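Next up: the structures, one after another.
Next come two complexes, and both contain chain A; in the first it sits with chain B, in the second with chain C.
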Partner chain A sequence: MYVYDEFDRSFLAERVAEFRDQVERRLSGALSEDEFKPLRLMNGVYLQLHAYMLRVAIPYGTLSGAQMRKLAHVARTYDKGYGHFTTRQNIQFNWIKLEDLPAAMAALAEVGVHGIQTSGNCIRNVTTDQWAGATPEEVDDPRLWAEILRQYSTAHPEFSYLPRKFKIAITAADHDRAAVKVHDVGLRLHRNAQGEMGFEVLVGGGLGRTPFIGKKIRDFLPAEHLLSYVEAIMRVYNRFGRRDNIYKARIKILVHEIGAEAFSAEVEKEWEAIREGALHLDAPVVEDIRSRFITPDFAQLPDHPAELTGALENPAFATWHRNSVHAHKVPGYSIVTISLKAVGAPPGDATGEQMEVVADLADTYGFGEIRVGHEQNLCLPNIAQKDLPELWRRLEAIGLATPNVNLVNDIIACPGLDYCALANARAIPVAQEIAKRFADLDRARGVGRLHINISGCINACGHHHVGHIGILGVDKAGEEFYQITIGGRADEHAQLGTLLGPAVPYDQVPGLIEDIVDAYMELRASPRELFVDTVARLGVEPFKERVYAAH
Partner chain B sequence: MPLIENGRLIEDRYVVPADEDALPDGVPLLIPAERFLKEAEALKGRQAPVAVLWPNNRRIEEIEPYLGQLSLIALQFPSFRDGRAYSQARLLRERLGWRGPLRATGNVLRDQFIFMLRAGFDQLDAAKEDDAAHFAEEVGSHSVFYQPTGDGRPSILRARLGRVAAHGTTN
Partner chain C sequence: MTSPLQQKIKVTGPVVVTANRLADGAVVWRTAAGTWSTALADAAVVTTAPDALALLEGAHERDTDAVGPYIAPVVKGADGRIEPGNRRERIRVEGPTFALPSDTPPTDPLPA
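And now, the complex of A and B:
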């Protein structure tokens, strides 16, 4: 965990007071809704279909037990008892009253949590690998670099009124769990041949109505130049990004229109002028920030302790263990994913009670650390293997031990027409119905890793373009229809899915997905070939033939 | 519009000439960039101060050859949501070395005052009387800044360096 210092605390206290004043000015009429809108958006407050929605930043997906407990408190006191974890490693509360917002925000600020820059045309919450600091795969802890970017981008005077929102993601592992290729800026931390640390820099990736995979503009940026290089990118975008059309205002359109080479040339020219300036990351500054991350005091423990091997004789525990427990860099420890995809429940939702139990488990067994992943699941990154059986028992008791991580019913879905003012179609009930079709987890396991992503409109909050199966809700003469794509992926081999065929009505979606899965089971070369690899090998045609023949 | 400079209300001495009119003698003029660039040579001999109103969609680097003959530069916020002039301001201050008055005009609102000061503006042409009245309160409610700009305010990034040095752990 990064521990706020006096600078961070003063900053947050001032901003909470400022927003309280802005809400008062809005309620008194001194601010028009038009003037208030960008101010509330800067603080994560949206006006949705039924109420104001508060989006709370979880910087790079990291939460302490105390912070999670405070989220539970807000869910219970100001909302209807639950919260929704999003694909941006944030949490949203959907039923908060405007007059309650300052109090809810003050409560969150007590534990250093806020909604600042979760919305608006600014640099948003920087996201990273939810296994950061725990996985053996990484070259350095990406949270450090995400924190440096968080500080740099917070209330940035030059970049708070960009053409459009701006999202940065970082991975420090070759296997990318942060989807860096579909962000405005994607950063891959790695070492060069000399063993020095630096970033591969991608720009102009993104989903929404015009999806693009990010283009590489630098193989290796020495880590000390991270801020000056990002500033150069931001300045080029702020100056030259389109502002005439909201749908063409993201950096991906600028990069696409002038070309990655011309864009890169502008950035390099700008960077040359500032690279040795005040943004240079001197080693002591980096180490000062690094020192504020509390590293768990890991014990010396053996791998596969007797408590674990004994418990593995219980098939239910063994199934969960195979599915939800992953290798840790420290012997005797594991990374645990907590599925928020109980069959039949809205993906990513957690009740106040569940949040509190997770907080207690993190404090008891996990050095107080909790992560949120972009797949809308939670993660306890530092659990001693000997504690896994007890942890599982307690998760199971509150419905948080569904062993379906990465399976066909671990579905990513946006809030859709049930909440969102932008949606054309429902997403949550579609996810729930598909999950039910595969409720038999033996069947789901037989299918293997298969990511389904559902968005209720072309803004693509459910990241449907990069789902192995993507489902997009569209409006056809007032009816909810759904377009299906297959073969997308969000990892280091990121690519956009290919349209399977004509859109189908709401009722037909679950059956169609079952047909696609059945086709894969027939077509795959072996049980080890994943769905997405079968699509890559054969293309969409054989799927199309089988699926549409049946309908 | 109330014009604020260094926290105080000041009078706007500048006159914006109408498009077709001959430029009046003896008064400070604030001239739109397009006209200024056309008449820059002729304006060189002028005794009274000349300022330019630079649009936010024109590269600010083009102004460089003329900096010596200008007494003030005004940048535009057609809407407070359009942040291009922040970049222009920083480039003027930090790259092109402009030390004269730098004015923010247009939809200049109190909730952006601090950003404008940090970007290098020292004159704010506030859109609302009430906002100008709250200048000190607004600016005073910001005491910590994460990132360095050229405005001279201490930033947390650099303060960390100071703290490390104070603790003697620099190496």
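And now, the complex of A and C:
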């Protein structure tokens, strides 16, 4: 965990006081809605279909037990008892009242949590790998670099009124769990042949109305130049990005229109002028920030302790262990994914009670650390293997031990028309119905890794373009229809899915998804060939023939 | 962005004016008396563009009561009751179309 200093605490306290005053002035009529709206958005407050929505930033997806407990408090005190974890590692409260928001924000600020950088045309909350600091795959802890970017970008005056919002993601592992190729800037931390650490830099990725995979503009940026290089990118974007058309304002459009080579040339020119200036990351500065991350005091423990091997004789525990427990860099420890996808439940939602239990488990067994993944699941990154059986028992008691991580019913879905003012169609009920079709988890396990992503509109908060199966809700003459794509992926081999055929009405979606899965089971070369690999090998046509013949 | 008051209004059937209440975001409808109600049944229903525009203009006069007023379609049910005219408006009236997590016990009924 990163420990905020006095500057952060004062900043948040001032921000809460400022927002309290703004709310009071809005309620009294001293501020009009036109004046107030940009102010509330800067604090993560939206107005949705039924109520205000507060989006709370979870920097690089990392929460402490105390912070999670405070989220539970907000859910219970100011909302309807639950929250929704999002595809950007944040949490949203969907029923909050404007008049309660200052108090809710003050409560969150007590634990260093806020809604800053979750809305508006600024650099948004930086995201990274939820296994950061725990996985043996990484070259360094990417949270350090995300924190450096957070400190640099928060309330940065030059980048608070960008042409459009700006999202940065970082991975430090070869296997990308942060979807860096579909972000405005994607950073992959790695070592060069000399063993030095630096970033591969991608720009212009993104989903939404006009999806693009990011283009590489640098193979290796020495890590000490991270801020100056990002600043150069931001300046080029700020200067050339379009402000005349909201649909063409993202950096991906600029990069696409002028080309990655020309964009890169502009960045390099800008960078040459500032690379050795104030933004150069001197080693003591980096180490000071690194030192503010509390490293767990890991014990010397053996792998596969007797407590674990004995418990693995229980088939239910063994199934969960195979599905939700992952290798850790420290012997005797594991990374645990907590599925927020109980079959039939809204994906990504957690009740206040569940949040409190997760907080307690993190404090008891996991050095107080919790992570949020963009797949809308939670993660306890540092669990001693000997504690896994008891952890599982307690998770199961609260409905958080569904062993379906990465399976067909581990569905990513945006809030859709049930909450969102922008949506054209529902997403959550579609996810619930599909999940129920695969409620037999033996069947789901037989299918293997298969990511379904659902968005209720073209803004693509459910990342449908990069779902192995992507589902996009559209409105056709007042009726909900859904376009289906297959073959997308969000990892290091990121690519956009291919449209399967004509959109189908709401009622037909679950059956069509079953047909796609059945087709895959027939077409795959072997049980080891994943769905997305079968689509890559055969293309969409064999799926199209089978699926649309049935509809 | 063009103000709702400057946009050309097309009315092809019964409509109401709806918004969200400022203080808590609750869904509200404009009444014939120039107030806001949380009950669709209280809404003023109009059927012509000039009447809809007049209702909308009234709704914009004070923005400390409700936020973002707009014209929404309604239909009259068999019993004469006003009902939402499309799915979006129905969801605004009735809430999400699934049980909320706080409505159901947090149990996982699945076998492992």
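In this text, the second predicted complex is superposed on the first by the 551 of 551 C-alpha atoms of A that agree within 3 Å, B and C clash if a C-alpha of one lies under 4 Å from a C-alpha of the other, contacts with A are read in each partner's own complex, and residues count from 1 in each chain.
Throughout what follows, a contact is a pair of C-beta atoms (placed from the backbone, for glycine too) under 8 Å apart; a residue touches a chain by one contact, two chains touch by 3 or more.
Computed from a prediction, not measured in an experiment: that's the story for all the values here.
J.: Could you look at A:Gly29 and tell me whether it touches chain B, chain C, both or neither (first, second, both, neither)?
T.: second
J.: Once the structures are superposed on A, label A:Ala316 by its partner contacts, choosing first (chain B), second (chain C), both or neither.
T.: In the superposition, A:Ala316 touches chain C alone.
J.: Which partner does A:Thr210 reach: the first (chain B), the second (chain C), both, or neither?
T.: A:Thr210 contacts neither chain B nor chain C.
J.: First (chain B), second (chain C), both or neither: which does A:Thr498 touch?
T.: Once the two structures are laid over each other on A, A:Thr498 reaches no partner at all.
J.: Which partner, chain B or chain C, touches the larger number of chain A residues?
T.: Larger number of chain A residues touched: C.
J.: Please indicate which partner A:Ala17 is in contact with in the superposed arrangement: first for chain B, second for chain C, both, or neither.
T.: A:Ala17: touches chain B, not chain C.
J.: Going by the contact rule set out at the top, does A:Ile289 touch chain B (first), chain C (second), both, or neither?
T.: First partner only, chain B.
J.: Using the superposition on chain A described above, determine whether A:Asn406 touches chain B (first), chain C (second), both, or neither.
T.: neither
J.: Touching residues of chain B toward chain A in the complex: what are they?
T.: 59, 80-84, 86-88, 90, 95, 109, 111-112, 114-116, 118-119, 130, 141-149, 155-161, 163-165, 169-171
J.: Using the touch rule from the top, collect the residues of chain A that touch chain B in their complex.
T.: The touching residues are 7, 10-11, 14, 17-18, 22, 30, 35, 38-39, 121, 151-162, 227, 235, 238-239, 243, 273, 278-279, 282-285, 287-289.
J.: In their shared complex, at which residues does chain C touch chain A?
T.: That would be residues 20, 22-27, 62-64, 67-68, 86-88, 91-92, 95-98, 100-102, 104-112 of chain C.
J.: Okay, in this complex, where on chain A does chain C touch?
T.: On the chain A side, the touching residues are 26-29, 32-33, 47-52, 80-82, 96-99, 315-317, 319-320, 342-346, 349-351, 353-354, 396, 398-403, 417-419, 426, 428-429, 432, 439, 441, 478, 480.
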